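Labels run A, B, C and D following the written order; every chain starts at residue 1.
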Amino acid sequence: MAGNSFGQLFKITTFGESHGVAIGVIVDGCPSNIQVDLEFIQQELDKRKPGQSKITTQRKESDTVQILSGVFEGKTTGTPIAMLIPNEDQKSKDYDHNKDTFRPSHADFTYQSKYGIRDHRGGGRSSARETAARVAAGALAKLFLQQKGIDVVAHVSSVGFIDAPKAEVLDVAKFVTQRESNIVRCADAATAQEMIHLIDTVRKEGDTIGGKVTCFIKNCPVGLGEPVFDKLHADLGKAMLSINAVHGFDYGSGFDGSTMRGSQHNDIFLNDENGKVITRTNYSGGIQGGISNGMDIDFRVAFKPVATIMTNQETVNAAGEAAEIKGKGRHDPCVVPRAVAIVEAMAALVIADHLLRNEVYH
Amino acid sequence: MAGNSFGQLFKITTFGESHGVAIGVIVDGCPSNIQVDLEFIQQELDKRKPGQSKITTQRKESDTVQILSGVFEGKTTGTPIAMLIPNEDQKSKDYDHNKDTFRPSHADFTYQSKYGIRDHRGGGRSSARETAARVAAGALAKLFLQQKGIDVVAHVSSVGFIDAPKAEVLDVAKFVTQRESNIVRCADAATAQEMIHLIDTVRKEGDTIGGKVTCFIKNCPVGLGEPVFDKLHADLGKAMLSINAVHGFDYGSGFDGSTMRGSQHNDIFLNDENGKVITRTNYSGGIQGGISNGMDIDFRVAFKPVATIMTNQETVNAAGEAAEIKGKGRHDPCVVPRAVAIVEAMAALVIADHLLRNEVYH
Amino acid sequence: MAGNSFGQLFKITTFGESHGVAIGVIVDGCPSNIQVDLEFIQQELDKRKPGQSKITTQRKESDTVQILSGVFEGKTTGTPIAMLIPNEDQKSKDYDHNKDTFRPSHADFTYQSKYGIRDHRGGGRSSARETAARVAAGALAKLFLQQKGIDVVAHVSSVGFIDAPKAEVLDVAKFVTQRESNIVRCADAATAQEMIHLIDTVRKEGDTIGGKVTCFIKNCPVGLGEPVFDKLHADLGKAMLSINAVHGFDYGSGFDGSTMRGSQHNDIFLNDENGKVITRTNYSGGIQGGISNGMDIDFRVAFKPVATIMTNQETVNAAGEAAEIKGKGRHDPCVVPRAVAIVEAMAALVIADHLLRNEVYH
Amino acid sequence: MAGNSFGQLFKITTFGESHGVAIGVIVDGCPSNIQVDLEFIQQELDKRKPGQSKITTQRKESDTVQILSGVFEGKTTGTPIAMLIPNEDQKSKDYDHNKDTFRPSHADFTYQSKYGIRDHRGGGRSSARETAARVAAGALAKLFLQQKGIDVVAHVSSVGFIDAPKAEVLDVAKFVTQRESNIVRCADAATAQEMIHLIDTVRKEGDTIGGKVTCFIKNCPVGLGEPVFDKLHADLGKAMLSINAVHGFDYGSGFDGSTMRGSQHNDIFLNDENGKVITRTNYSGGIQGGISNGMDIDFRVAFKPVATIMTNQETVNAAGEAAEIKGKGRHDPCVVPRAVAIVEAMAALVIADHLLRNEVYH
């Protein structure tokens, strides 16, 4: 109810502040007898961790994860899996400047107003650092999905006004290789270079820039999603909108679909060569009536620019007086290269949850 | 868990099929001592009901609501409020054509696959008829919000490629009057005429067209929204994405925000003449860190075109064989004029829920 | 959250007041393709309905149930099943005497204090009339359990100080026949006569008396119950304690178990002739570590005497002044004969819920 | 859903196995600005920890708690509070004897059957060690209740057939002092000596014995508890029944109430000298219609004897063959002296949760 849990059956609860002792997550509801590949979980975390390249924040965190419970002799036991990531870079003095002053477009003002208290160091609980816990949990969800042959894969499709060509994922491994071949995590090599150049320019100016992540879910079985409120895309949308800095979500035909006609948009059903029901087009984005139809699921996530910029800005302080906030803090010129891992993690968690939900009721 | 409930503290559960005996809703968690204006609830339903104008479906339903419980001598008692809307137009024979055949881009195939059974008459549970129950519940939420001085107001901002000029709501009553002065429910009179013309053209062709609804929430207090997963905009997004035919949601700067720089996007804090903290711009859309900051909230909802068109289409049947679906059923050329009421209802429910959630924890 | 829902996956939400238009229930999460035997549901309601015999309340209610949704051509579809029971005996004037006065050991005072308003007619929402909705939902759960071969059966084991001999249920049908052969619903014929005599004496004195119901669950599969908080017996206990007038619950060895030694209480594991693991004794009451072990589950439920008695009593009124409450209202001298149906319904709902919960996680 | 969470608004999720790295708990929903007294939390844990006296288990655990998040400069911030208790005594080899063999009346068989895997070391997740996490969370709840002037206090009222005289708690501090003056934690000194003698005898025989804990909640405000399923005593009952080894719960008049008449059982309302509404008797146990009425709440919890005894017992192994289980493991002759802390913790959690729930809806 206090908002720190996500999922119904494959349920996670995260905890921890940016500059506290540690952050972490409890996964409650992971099926038993899943082989836990700790190295894989760490690799997923490494894609999100700070300091990966010149175009991301330079905070020093190894983001080393420990499993405290729920795994026995390498396998899940059906009991809660607690994972802990100690905070290493705790130079909280760096944040004294925003102790009594509200940083523009950060959560300082709203947290202070809501709770009457806040851990101001690096944004405390509102820091995107919390998403590392999600990535750890999402990695576990991915291990579960792998058993079912389901793939979740995303990449950076836009930075500012630079858009990658519309991607199709025919071979997941190949797509990931292409994406990982550049530091911006765009599967199109040429676009990637433009993006990197733009981010680097923005970085040098002490500024930040927004972008978009596009995600694909392949081999999702028919039947995931619960009508009428817990439609699969509604849960995916909420998952994405819960990620820091996200301002928009659409799936399938998306916002463009609102300009189309029914005769154009309707996805005609066909049988493929194996007798499986498929659709000729996929404007539905793999979901009809809120339930997966077996086609690929695709969606897009829009991230606003990071609020921390390296220039001084006007603001007000806790006393309500005009003040100036210093251009300090960890500079992360563009969040989307690291956000790819978070988008995938949240998508994997939604699919894992709905896989379990679909075990019931029929 | 089965997906028919929405909200945590102001919680609704809907039931009913398109051509069953009745549809309805239980509202569990409405505070006590709210004056219940049945006429107001009926008026809200009238904005969603079919047969309002030439540009909507011609199904005959008065959508008359009855309250079965939870209200005593005109006031809520804190116990569950059950509301019932009998179905009047039950000519289910009209739907024999889709008994064994899957209509393209409808939920026939996914429901049948998920449950192994479905009420095929008019789409059964997957019909947008279910949203009448939401509007009834949303009307109750609005009565609660009125007590707090909070307004939720929406209009049709696009039909196909026709976009209304960006609206600002300075006077809610006036905005609603403008919107209700035309059958497409767009607050800009000139655009409205273009939209109506387009829909009418599409209608005559037996086709359908998509559109967008823009919604504003005014006078929302600071502090609504729960970090980290139940961010206010994440719950608004889920609410909107749970409405039939919705394919996209964004708020504040939205998708456009992903093209911006931080120096441009950051909303500078100021004091207004009364000493209240406001922001100079509002790219945050009234929400920062997932929590309302007291500025107006605004968001957009993209609807795909209705799948029922009046021309025959290829498809497959329940046996998996190629088949043809007849161009029959209720023709609703454009859903957005009626969807305005649904968007407002769901937004009101989210705000009511978070108002109650914000009563706790501090 | 407002307390009118029960269950996680097989979830019910009840609504309605004693003297309102109707009471009812939504069952959300009943699996699809269950054959719905409306006659059976009505029979279950008939066991709970008032006016069955001289020893129960004489309120006139046929308790006729209607199904509004979720059933198509006689089968469940996986969508919410709404059931409605109109109130027929609405002589609410009979309750003017407790409009401003708090009846001792009723919920008048606490509801008024909590909500600042209450429907005083017959106790409003706090009336045991609400349990009819539970029995309807429980009947549906029983239809689901029947498919799995699971039986839930209860009887009256005590009235006042009269205790039936400890029962064993070897043949469920026979046990039910014996129980239904007398109006107090005790499976032991001789004890039943004593009980009836006692209740009749109490009734003539305008008084009421408490009693106990013992319930058995047979053929429950191994594995139901979720550690650590949602132990099967914890959920059964909550279900029973949520029934009006219940003041105690124990299972297996129960309160007596607290006087025993481990060497005596431990249930030794054995193989039966079919190689199935059983236990020699069953002090565990069929549940170990909160999870069913395949042995019969048994528990007991203690009901306090009904608070409505036919003599005047001292009390206070809404103004906080000393007052007298008239010995009026529906006289129900002993609630346990009708409570058998409620206990069975709630037990069936818990088992149905945990059957579904056990579909997941392994 | 997987059962490791408790509470709706003041919500806890526990994790950890008996012989894993650590156990712990996340408290999500603790109000902000509560002063956190770590020493107090540790003292509560010390009342539950093993090795306190000769009559409890001799496992060596300091049960030292660390707070990882949610507390800033000594106060809660409204964000999740994670607490960690490392396991120190991890001699898991001591448990090799029950790796493939099911200990009678333990959860070995049911866990293995449910999950197809189990951490057999010391019972893994089913160990009562998990309750330390509850006590830590309960201590936090107590700090919150202290702000409201609410006291939760329990003592051992029975061991085997030895019953303490019915206690009344006039002075909480004095009651606690009396209770803590003896190792069995019974507030009646003479009975305590008898109990200690009995437990010591049982201990020397390598056997175990059951007992009862009685708990009182004082100064609970009117209005806690949600009709109809989440009655205050139903949630208390579930909380208690979720504690390892508990087989029974009753409150107020309890099981004895089922033998009484209404004329005797009804609690007459009166005004006290301050004009506050009270009742002459308190058979209702401070709860009417599921809602607290301002009188003291009292309830009793029955614990079966601990299953681990120091003699060999017949059983079956994982292969389903007859086997013998060795009389090994940690010998805890009577669990109730330590269970006092657990009962108080769970009661405090229920009251904290309902305090928050009662902030809403009126």
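Going forward, a contact is a pair of C-beta atoms (placed from the backbone, for glycine too) under 8 Å apart; a residue touches a chain by one contact, two chains touch by 3 or more.
Everything numeric here is computed off the predicted structure, so don't read it as measured data.
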Of all other chains, the one whose Cα centre sits farthest from chain D: B
Contact-richer chain pair (by C-beta pairs counted) among B-C and A-B: A-B
Distance from the mean Cα position of chain C to that of chain B, given in whole angstrom: 39
Rounded Å distance, chain A centre to chain C centre (Cα mean): 46
Distance from chain B to chain A - Cα centre to Cα centre, in angstrom: 26
Numbers and ranges of chain B residues touching at least 2 other chains: 1-2, 4-5, 8-9, 14, 29, 32-33, 78-79, 114-116, 125, 227, 360-362
Complex interface listing, chain A residues touching chain D: 1-2, 4-5, 8-9, 11, 13-17, 20-24, 26, 28-29, 32-33, 66-70, 72, 75-82, 84, 114-119, 124-125
Chain D-facing residues of chain B, complex: 1, 9, 29-33, 78-79, 227, 356, 359-362
Chain D residues touching chain C - in the complex, by the definition given at the top: 1-6, 8-9, 14, 102, 104-107, 109-111, 113-116, 125-126, 130, 158, 160-161, 202, 207-212, 222-223, 225-231, 233-235, 237-238, 241-242, 244, 247-255, 257-271, 275, 277, 279, 283-285, 288-293, 302-309, 311, 313-316, 320-322, 357-358, 360-362
